[in-house]
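These are the structures in question, set out in turn.
Note that subunit A is present in both complexes that follow, paired respectively with subunit B and with subunit C.
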Partner chain A sequence: MDFFGDEEEYNTNVLAIIQRNHELVPGALCPAASATSSPSPRRRHRRRRSISMAGAMDLPAKGGFSFDLCRRNAMLAEKGLKMPGFRKTGTTIVGLVFQDGVVLGADTRATEGPIVADKNCEKIHYMAPNIYCCGAGTAADTEAVTDMVSSQLQLHRYATGRESRVVTALTLLKSHLFSYQGHVSAALVLGGVDVTGPHLHTVYPHGSTDTLPFATMGSGSLAAMSVFESKYKEGLTREEGIQLVSDAICAGIFNDLGSGSNVDVCVITKGKTEYLRNHQLPNPRTYVSSKGYSFTKGQTEVLSTKITQLEPKVEVAEGDAMEE
Partner chain B sequence: MGDSQYSFSLTTFSPSGKLVQIEHALTAVGSGQTSLGIKAANGVVIATEKKLPSILVDETSVQKIQTLTPNIGVVYSGMGPDFRVLVRKSRKQAQQYYRLYKETIPVTQLVRETAAVMQEFTQSGGVRPFGVSLLIAGYDDNGPQLYQVDPSGSYFSWKASAMGKNVSNAKTFLEKRYTEDMELDDAIHTTILTLKEGYEGQISANNIEIGIIRSDREFKVLSPSEIKDFLEEVE
Partner chain C sequence: MAWQQPMDGSHASGSKVAAADGPGTQRTQYPYVTGTSVIALKYKDGVIMACDTGASYGSTLRYKSVERIKAVGKHSLIGASGEFSDFQEILRYLDELTLSDHMWDDGNSLGPKEVHSYLTRVMYNRRNKFDPLWNSLVLGGVKKGPKGEEKYLGMVNMIGTHFEENHIATGFGNHLAIPILRAEWCEDMTFEEAVKLVEKCLLVLLYRDRSSINKFQIAKITTEGATIYPPYSLKTHWGFAAFENPSKGAVGSW
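And now, the complex of A and B:
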C-alpha cells in the first residue's frame, strides 16, 4: 500500500517539474488522463496498478533490464528533457587470423564526450583461457556483457569437462544482445583458438555477427581497416601478425580523436595465449619538469570576486535576548 | 517409536524435537559408499570408493569427485543424483560470488551457501532433504580446509573425517593415525589405508577415486596411473 502512494506522488512530482520548466497546460501533458484536472489521477493509477507496480518497486525479481520506465522516458524526451549521456570507449579494435591462430589489438583511450576519461584502459577482455574479446561502445556494457558470458562459459566448462569453443561464446553474446534489441551498446571483436581451429568474429549491438579473416570495429575502424586492406595476406607469421595489428591500431590512434594512448595486443594460439599489455607506447609524456610545478600567488588574473556568508548573520530583534 | 506418526512430513517437528525426515536422510547417507578426507599441513586429500553395480559399467564415465572452483573440490556419500544437483548449484553460486565481488570465493563462503541450499530443502513445502553428505576440500588464503555438510544444512570443519557405510571404523582408524603436522603425501597414504580397511574385495586404481589440493591451490582428481603409484608405495 505504501508504494502505491509513492507512485502517485512520484508521477505528480514528475509532471510538476515538466510544468514548471515548460509552462504547459496540465491537460495537454497526459494524453491518457481524463478531462478532469491532473491532481486526481487516483482512478487511472488504480486501473494500471498491475503494470506500474513493478516500475515503482526495486529491481524486478527476474533480473535483466526492466522496460517499465521506457514509456515515461519517451514522454519526457518528447517534452524536451535532455537524456543523460554515458561514457563511450570511442575506440579502435582489430583482429586478424594468422597461420597459427589469432591476434587481437586495441587502443587504450576511454572518452566521455570530448574528455579523455581513462588514458590507459583495458579493452581486451578475458572470456576463457583460449578466447579473448575486444570491446567498443559503452564501456559499462562491454564490461558487463563480457564478464557475464565469461562466467557462463566457466560453468559450461565445468559441466562438460571440455575447453570452451569460440562459437559458444559467440552464440551466448549474440543471443543476449539481440534480446536487448540494441540497447546494450557493445560492439565486439571476438577471437580464439579451440579444437576446431582459429576463429575471428565481429558482434554488433543488435546481435548480428560476421566471421572474418580480419576485422576492425569502433570509431577508428576505418583508419585501421585501410591498413588491413592494403597489407593483409593469408598465412602471416606471428611477428608479421603482431606488426600488422600494431600498425592498424596506430593508424586509429593517430587519425581518430576517439582513440589514443597505447597499443594492447593479444596473441592466441593452440594451447597458449599471450596478453601483451601496452605492447607499444607511442604517446609518452615527453616533457616532465624535474623541478616540479609551482604556482605562486598573483600568476592567475582575478576577474571578479563574490563573497557569500555561509553562516547567516542573525539580527536580534527588540526585546530581551533571553526571552523566547 | 512414538515419532513414527511425524515421520512422513518434513516440515513437522516430532515431540522429541527431531525432524525425522532428516534422520532418514542421514540413514541414506550412512548406507552410501564410504568417503573420507584428511587435512594435511600443506594440502587436503579427499577420497571415495567407486564400486560400480556391474563390471559392464564403463568406469571412465563415472566421476564421483567434482571440482567446484579451481581451488575447491567435493566428494559425497549418499545419492548420486542429489549430489549432481548440489554441485551444479554450488558452481553457479561460486560464479555469482565472483561476478559480485570480483574475488574468488573463499572456502567458508561456498560451504555456507551450499549448506544454506540444503537447509532450504528442509523447510520448504513439497520437497525432501538431499540424501547426501558432502566433504568439501579447498585451499585459500586461510590455508587448507576440509568441511563436512550434512542433509540438515549443518556444517563442520574437520581435520580428518569419514562418511558412509564404514564411518565408525574409518573414524577410529583416522583418530589413531592423524597427526597435526602431516604432509600431504602421508595423508594420501593414510587415506588409502583407511579405504582399504573397510573395502570388501580387492582395492585397485580403478575402484577408488582420490582428489588432492596442494599449496599451488589447484584441485585435481588423480588419474588411475597416479593412484596406482600411491597404491604401490603403500603396499
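And now, the complex of A and C:
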C-alpha cells in the first residue's frame, strides 16, 4: 500500500473505463515487468498487467520506465504536495582484486538526510555463492536490484547446471539499470570469482560499467580512492588485501560525513567466500554508565522537602462549577 | 560553480565608486583562470608547501608553467588555488603591506600569523561586499616567538573561513589528500619524509583530479628563509592487468 493508494486498483479501474470507451491506443498502456520476469514476487516493485483489448492484437510485454504517472505527479507537486523522501546510503564501498580473488568492503551507516537511520546496516549483498555486490545510493534501489538479479542468477543456475559468472550478474544489472534511465539510483561494486578468474566491476545508476583492479563508490569514494591510489599494487596477499580494504573504508568513515560506524569485509576466492560482518568496530560506545540506566526510587539523593497545600482560588456563586 | 546574484543592485563595490551602481547591477563573479589544489604541512624545520604549475581556463589547460606559491616577506609562503588574477591582486596587496611595514624601520617584520590575519580580514570584507576574491589561500611560515621558533600553517578561503592546522589542502585536495595526511602526518618529520608524503598526495591528485598536470613545485620555509624548488614530474603507473585488457573475462564486454 503506497502513499497514494493502491496503484493496481487505480490502474484497473481507469483501464476498465477506457476499455469500455474504446479509447485505448494500440500498445501496452501498462508495460509488464522487465525482460526476464521471474515468478517470485519482487519487493517494492508492483507488477503491472499488460492489457489486451477485446479482439485487438496482443502485444508483447515491454520493459523500462513507465512515464504514465509523471504528468499526474507533476500536477500534484504543483498543487503543493510534498513527495515522501527516500533513504540514501551515503556510503563508502570498495573492492579490490588480490592474488587469489576479490575483497569487497563497505561501511555500515545508512542516512536519511542529516540523520543516521541505521547505525549498522548491511551493504554487501549476496548475489551468488561466489558473487557479492556492494551497493551505494538509495537503499531500497540497491536492495531490490541485487535481490532481483540474485533470483535471476539462481534460476539461471538451475537452467544451466553451472556456477554463475560475474559477467552474467553484470549484464543483468546493467541492462536493468539502463532501461530505467538512471531513475533506479543504485551504484554498485560487483565482485566475484568464477571459472574465468577473479573479476571486479563498478555499475553506475545509468547502466555504464567499468572493469577495474580496485574500485570505490559512494560519498566516501574519494577518501577511499586516495588510500587505494597510494597503496595498491598487484599480487597482494589475502591479509594485505583485507588490511588495505579496511584502511580505505576507515578513511571513508573518518573523513566523510555520510559514512560511519563499522567496517564490513567480504573475501571471495575460488571455491570459498568469507563474509566478515563487522570486521572492524572503530567507533565503540566509550561511555557506559556503571550504575546502569534504570533509575529506581531511592537512587536520587533528597536534599530538602517543601510541601505546599493547594487552596481553591475560585468561589463558585451558585450552580455547578462545571456548568456551561 | 553557480554564484547567487544579490537581490538588489545597491551594494557598495569593492574598489569602484558606489554611486556607479544602479538597480539591476550584478556583482557577477565566476572564476575564469583557475589553479587547482595546494597541499602544505608542518615538518621539523618549518613548513613545506606544494602544488602543480597548471592554470585552467574552464575545461582547457591553458597555462602550464604558473607559479602558485610565492614568498611573503622573510618569514612566510603563500599558496593559492582558485582565480589566478585574484591571487595576483592579493600579491600586490601583500607587497604594499610588507613595504609599508619595512618603512617603519623598527627592526620588526611581519610573521606568518600577522599575514594570515591580514588576509582573513581582506577576504572576509570582500565577501561581505559581495565582491569576493575567488581563492583558497594557504599561508605557512616560521618566526621566532616567545616560545622559540614557532611554525605556523593556516588557510583562508573566499568566504573568509580561516583556521590553523598541521596540514592543509585546498580544492580537491580536501577530499583526496586530507585523508592521507590525517592518517600519515606526524610531528617533526624530516624533510625527506615530508617530501615523500607530499608526493604521495600529489600523485593521487594527479590521477584523480582532472585539472591537475604532471608538473609540480615544492617550496619550503625555514628559519633560513624561503626556498622554492624548480618544477619536476612524478612517475605514474598504468600497468594493471585490468587496464590492459578489461574484457579478459568476457570477450566483447567492457
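Just so we're on the same page, the second predicted complex is superposed on the first by the 217 of 324 C-alpha atoms of A that agree within 3 Å, B and C clash if a C-alpha of one lies under 4 Å from a C-alpha of the other, contacts with A are read in each partner's own complex, and residues count from 1 in each chain.
Quick note on the criterion: contacts are C-beta pairs under 8 Å (C-beta built on N, C-alpha and C of every residue); 3 or more make two chains touch, one makes a residue touch a chain.
These figures come from a predicted structure and were not determined experimentally.
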{"item": "Superposition on subunit A - do subunit B and subunit C clash or fit", "value": "fit"}
{"item": "Partner chain in contact with A:190 - subunit B first, subunit C second, else both or neither", "value": "neither"}
{"item": "Partner chain(s) touched by A:226 [first = subunit B, second = subunit C, both, neither]", "value": "second"}
{"item": "Touching partner for A:268 - first (subunit B), second (subunit C), both, neither", "value": "neither"}
{"item": "Contacts of A:134 with subunit B and subunit C, given as first, second, both or neither", "value": "neither"}
{"item": "Which superposed partner A:147 touches (first subunit B, second subunit C, both, neither)", "value": "first"}
{"item": "Winner by number of subunit A residues touched, once subunit B and subunit C are compared", "value": "C"}
{"item": "Partner chain in contact with A:155 - subunit B first, subunit C second, else both or neither", "value": "first"}
{"item": "Which superposed partner A:173 touches (first subunit B, second subunit C, both, neither)", "value": "neither"}
{"item": "Per-pair minimum CA distance [subunit C against subunit B, superposed on A] in Å", "value": "26"}
{"item": "Of all residues in subunit A, those that touch subunit C in their complex", "value": "97, 165-167, 170-171, 194, 196-197, 199-200, 209-213, 222-223, 225-227, 229-230, 234, 247, 251, 254-255"}
{"item": "Footprint of subunit A on subunit B - complex, ascending", "value": "67-68, 88, 91-92, 95-96, 98-99"}
{"item": "Residues of subunit C that touch subunit A when the two form their complex", "value": "172, 175-180, 182-183, 200-201, 203-204, 207-208, 240-243, 246-250, 253-254"}
{"item": "Complex interface listing, subunit A residues touching subunit B", "value": "147-148, 151, 154-155, 158-159"}
